[in-house]
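Next up: some structures, all given as structure tokens.
In the two complexes below, subunit A is the common chain; its partner is subunit B in one and subunit C in the other.
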Partner chain A sequence: MLPFSHLSRRTFLKGAAVTGSGLILPNWGGLAHAKSATEAAVKAKKRCILLWMNGGASQIDTFDMKSGRPTGGPFRPIKSKVAGLDVCEYLPKIADVADKLAVIRSMKTQSPDHPDGIYHMHTCYKMSERTPHPELGAVIAKFNGNPDADLPSFIRMGSTGKGGAGYLGPAYEPFGASQDGRLGSFATPYLADADEKKRADLFRFVEGEFAVDHKAEPFDSHRTAKERAWRLLRAKALFDTSKEWLKAKDRYGDTVFGRGCFMARKLVESGVPFVEVGQENYDSHADNFVVHKANMQVLDPAWSSLLADLEASGQLQDTLVIWMGEVGRTPGINNRAGRDHYIRAWTIVLAGGGIKGGQVYGSTDADGKDVKENPVTEGDLFSTIYATLGINHRAKHYYGVRPIWLTPEGSQPVKELL
Partner chain B sequence: MMRSNNRLALYASGLLLGVSFASSPVQAQDKPLRDVIDTEIRAKWKEEKIILTGRADDAAFLRRVTIDLVGTVPTLEETTKFLADSDSKKREKLVETLLADPRFAEAQANVWDLVLFGRNPGNIGQTRTRPAFKTWFEKQFADGVAYDKWVKEVLVAEQRGSEMFLVQFRNAPEEAAVHVSRIFLGTQLQCARCHDHPYDVWTQKDFYGVAGFFVRLVVQDSGGMPKTFTISEKMSGEVLFSGTAKDQAPGKKGEPVKAKFLGGAELTEPALPKDFKEQPLPKDGGKLPMPAFSRKAKFAEWLAAADNPYLAKAAANRVWAQFMGRGIVHPIDDFNAENSPSHPILMKALADGFASHKFDLKWLIREIANSDAYQLAGTGAVTAALPKRFERARVRPLSAEEIVAAMRTATASEPESKNSGSEYFLRYFGEPTNGLGDFQGSLAEHLFANNGEQIRNFTRRKKGNLTDQLLSATEPWEVRVERLFLAVLSRRPKPSEVTKFVAFIKDDPKPEARLEDAIWVLVNSSEFRFNH
Partner chain C sequence: MTDLSKPFQACNLVWDADWVTAVTFLGSHRRVAAGNNLGQILLWDLPEKLGGDAPKPVARLDGHTNVISRLASTSDGKTLISASYDHTIRYWDVPAKLPAPTEPLVLNASAIEDATRRKANGAKVPPSMDAKVGLLKSVRTLTEHKEWVVGMELSRDGQSLISGDDGGQVIVWDRDAAKVRKRWQVKGWAYAVALSPDRSQACVSERRPLVFDSGRHAAVQLWDATTGEMKTNLSDMKEFKGHYMCSAAYSPDGKLLAVGRGGECDGTNGKVTLLDPATGKVVKELAPGHLSGLTDLAFHPDGKYLASSGRDTVVRIWDVQSGKVVSELGKARGGQFKDWICALNWSGDGAWLAAADMAGAVQVWSFGV
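So, the complex of A and B:
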């Protein structure tokens, strides 16, 4: 386990970071509830932000450039901070923070289409199995979330995943926010604050009377969930970024995705263990290069500012940022200047959270058609993610009578990335 | 009368004095099932020196049995009438009234619909809403069709609406094998899909043998409103088996496996003529002619046969758990050699009785609901939702359907609001458990409850509803609060509750908003959220 002094230092850093970034929290989750700051630090586990490239981004036009080859396309590579890691000319800011990135160029996966790929790359299991596997976010919420926190433990901006909490149950279901991070359905009480409070007090009185001789666990679970919903409503000012955004939007880019990334940073800094931010429109079966150029111009400032801000506030070492979608795109360019779905050799990027940055893992052949070395499966990727977040990738649960593991049998973390 | 008195005496000595009775050597079949239940349950309590909490009071029993049998809470009138009734047999009478209630069919059809489909059925685009099935299914319960008969119809799928169960397994014979064995036979086969079952007797051959009965089914869209389907059957086609999952390789083709009854013989079927060619599917969505030899029919006949050793056991255990929380075999759909029943004599009596009463669900429900075990108090120190030895009433969340119905009944809301917002209720109250069936409250459920207009609709004053009735009444608020509690929680308030609620409502010169909030509190309470 971690030495005590380290914990204390981290606690201090965390507190300082909060003050430094000027966040005002109505109730600072675990920290306020905990008996001491050290206790809170023991609870403070690593967090994760998933940047989801919906539709599937092209590896050859981003991080696995094939300049001069028939599959290469028109974009030019530029040098990054890291030798051997050239990136697309439309990712200049990302090139500047490449020392944080671990680029996996050798993803070799199994689900070639959107619904199955989205499920598979959120759960690391095939959709056709029909067992309700939990998404990455639900797993991280369960293992790294603080059940006493005011904020939800799994927040999704946009509507990109689909597995939900699966067999982990509703306590870990994703809590939906809009793509730019504003609160979603049923977040606005119809009562005035004072009336809301009086009503809540009457509820607590009724529950107290009932609890005198009714001791079954479900009753408690019910009122705990009710209290959590109220705490979230009290903390909801956090979701209002209108003032801070004015200062940040030039760096993140004044886009929905940029604002989503900004919000994600604010949420993880407030203790939310998992946030997913979706960027739409990567499915470029036609006009791949127009689509990718436009998308990268949104992606580049948002992603790079997210990493820079996490680093500046001392959070990056505890916050894993994943860049991925459900599929890669074909090396071959079709007759509509598009690229189709491709799962034999594609790219995913990890940063922070204990991942060794400044490296490329695996490689593809000259035209990017096949993995040349170190293929990585869905299970290996998820094992790596769980390992770096301090979660046992073979943790066992039961679905009905059936034992079930977080990652499929035979999955292994990629040591070189950790 | 005699019997009833004896039962009371047993009750007094068994529960209050902590003395219990060992299993009687008398043949279980000679006694009413309700007595076998109590004898067996008590024997276990004695063996394990379990301390009990006593019997549910009338109000608690009324609410519990009403929700369980007709899917909603009792009305204010039903509650006051039952509490005032001084007949010593009023509980038995109530069970009879509820069994004959027209709402019984809808409620039980809802329970079994969830067993058959779950909240996320396969082929979900076509099976998510299933009005034709629901209509057909409810009619089976309304007509009192025996369990084995409607199970057979579900598997034969030849009546309008009844086909929907198999539509879930369109082009998925393996899924059909898993779910049909689990639901109707209480047997877990899914492990055997990829490897021989690790601790049960089932092999992969058994699994693919069952799948063989479904491999020839063809689901076709046959239009109509509500949408219906036809289930045709081809005359040829086999499941291919290619070894364990570990040995799979791309391009490896499997060997055909013969259809085989679970735990039984291989199916004998006439050989097809040498030059046999399968008929093409009719283009207009029409149905293939019934094959000369139908595997589907053979399987349904085998499964629903009175002498199928799994059928009655699995159903009786499921119904027991519906009312008592845990199965005698638990989990309820996992009968296997290593998972012994907690009360073996009772398990046998439930299954044998169900079969000898011609699979009459009403008979089984009547016996369980009239047992002392079902009528135990929901109070006491035990914290488990589903106590292992049935030493306290089980605590189960109301289903989404029951929540809507219960809120409507409790607040005397107009029937036209029947389906308003029910999609939301399904979304937020539909699946409140984790993979093991433990209750978990979700954030989304409570945000919806706190802020949603759909729930406010029940509490806001409307002509004739509870809020309106109480505001129009002229009695002191003390009396009106008592009515409020009787209407929503089906019981009288404690003095402390009267004081608190009266103060809460009177605190505002205009009581309407306060009363609305008071009702909201009660329908949101854990006392209301669960059946206990």
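So, the complex of A and C:
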């Protein structure tokens, strides 16, 4: 039997475009049952902000503290608003909004290093697979984005994922703003408005003529990218937060990450379905405690203000905010005062978007070395995220003729969080 | 006459409860105090002539609840002062005759626990190193700091104390009255603090250890310790620019200031820079630096020598005049995963040197004559 002989002809044609010469072209993830799912999700208008802790934050020094144990380190826990959810003393503002947080203390994942971990925790698939899986942001852009919007539907800032849209194709590739959310100099046209318009019209005419005889996807992608760029220019004033930031910087912290979080809020409130903001510095193989202490003092005001502002504007229930990195960090403290990568038992935090806040899901043993109950895989996490956002976590796409699902087989949303 | 070029390790005081992070001799006595990551402090009395088994601790000082960052003693050895990540500085009266030993202590408890866990794989459980210690309680607790107290030094005459914390607070204290004489705020986290022998000048280094972020901050400045005014900013000098300087020490005559570069995320240049504190000009750079960063500095009581310790597990003794290494104590354990010598201190007579070893011990060094 051929590998895809179970496919009907109709399904096969949905999944691939065949050229005259018989070459199968990718159809950028043509959906098997796209229409109803997309309509439902867009209607829900849920959005997502991913706060990406690049390098991997330490769970024991943040949300799964082991004070008094050999693995505990010098940070002390403080009480949060939620019984049973003590957090690090350097996250006091987060402690005040803990009723919004769902802390998953039982992540048990598979990719221990940075490149594979970053890919895995952005796609929920291993990097070693040959299929180019789309990042979380591309999936959300496809299902929950407005294709007619001037703003990009997948925006990222700072050190974030690198996988891009994968099999979903160039329409869902990320748009990169600077670390603090500002547009680069490329967003300033070097022609006057009238001349720029003439230039664009000429481009469209030439491309249109060219397209008559050149139907392949790459040419269409080029045209799409140009059109998206022009549309972005119409909305670029949104990226200028210089006046608003003066009022906000004391709350968010006058840091690039703080400003990135502020911009993320503004973007999702303007309809962008997915924004990722990266915070650097977490890969603390040496001097873990001073590094984390410095990082948390940047993170705490930015993240807590983001949640507070989203709630104040009524957007939090429709905006999922994820806090995670590619790995956790070892319970054991090495003799460079550091913690290394760890994937057997670590922590991710979700808030908003319909997630039930004020809870801890899963637990680890006394020293934080193993998951004690309710292990959560990458697939389970992504299933939960997609379910929260109204996206079918088992939605099927095609890469060429190969069927692919958004999450690996066996993945299930964590019902207790929804 | 002590010959610093002929070091030998007199004893190794095992205490593996956690990393040993701070150490000091008490006055000119053969009494050593050390603190660890858990906030514990132990005292040892060293015999005049060492040989045979290492002496065991004689007292435990209970009170701190987090890392002991610095220890200092008055010149008469009667008062020990400790700084901690628990935000406090504590004073301890240490009598010549210590309380009777009542508290049992296993000095190698971690090694026993570790070997027991690995017994199935053939690990041999070492015999227990038992000790019994008397207890001392602190007599005074200074609570002005609201953050980890990472830097602390007693002035040479014992009248003033300077301390600095991770919130950027620098405080100069009247030591006897335990009152704040002057305090000021620096932009970053205070890191190394030192007071000149005449108590007029303070050196404060700062850090904010963000690796890639624009909020990263490093500074070294000389302050008027009586007014809290910044007098000389050394931060832009090539020796200091962008680097975290983790230790500073004035020579006994006050004519030299030694500043050492720490190792937080910044590679292998744990050098010592000698400055003229009156002008802020560099007098000499002591090289080679400690691999992976320096941890502590201490001038010999005669002022002609300087000891430096590092993350490379060695202590170097430098001839200040020539800038050359006189001797190197210990060997670099090497590799990525090694231990540090966290701190060091000279005995009052300059004949002994104690080093706090992260591996769980206090190394006591003596020198040939």
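Here is the rule we go by: the second predicted complex is superposed on the first by the 340 of 418 C-alpha atoms of A that agree within 3 Å, B and C clash if a C-alpha of one lies under 4 Å from a C-alpha of the other, contacts with A are read in each partner's own complex, and residues count from 1 in each chain.
Just so it is clear, a contact is a pair of C-beta atoms (placed from the backbone, for glycine too) under 8 Å apart; a residue touches a chain by one contact, two chains touch by 3 or more.
For clarity, every value in this text was computed on a predicted model and none was experimentally measured.
> In the superposed arrangement, which partner chain does A:N335 touch: subunit B (first), subunit C (second), both, or neither?
second
> Check the contacts made with subunit A and report whether subunit B or subunit C touches more of its residues.
Subunit A has more residues touched by B than by the other partner.
> Counting only touches as set out at the top, which of subunit B and subunit C does A:R130 meet: first, second, both, neither?
So A:R130 only meets subunit B here.
> Go through the superposed model and pick first if A:L232 touches only subunit B, second if only subunit C, both, or neither.
The first partner, subunit B, only.
> Quick one: classify A:V290 as touching subunit B (first), subunit C (second), both or neither.
Second partner only, subunit C.
> Subunit A residues touched by both subunit B and subunit C?
The answer is that subunit A has no such residue.
> Where on subunit A does subunit B make contact in their complex?
Residue positions touching the partner: 130, 132, 152, 165-171, 173, 175, 185-191, 195, 198-199, 202-203, 205-207, 209-210, 213-226, 228-230, 232-233, 397-402, 404.
> Where on subunit C is subunit A touching in the complex?
These residues of subunit C touch subunit A: 18, 37, 66-67, 85, 148, 166, 207-215, 263-265, 292, 311, 336-340, 358-359.
> Write out the stretch or stretches of subunit B touching subunit A in their complex.
Interface residues on the subunit B side: 120, 122, 175, 188, 190-191, 331, 333-334, 378-385, 392, 395-397, 431-436, 438-453, 456, 494, 496-497, 500-501, 504, 507, 513, 517-518, 520-522, 524-527, 529-530, 532.
> Any idea which subunit A residues touch subunit C in the complex?
So the residues of subunit A in touch with subunit C come to 70, 74, 76, 159, 255-257, 280-281, 286-287, 290-291, 293-295, 298, 334-337.
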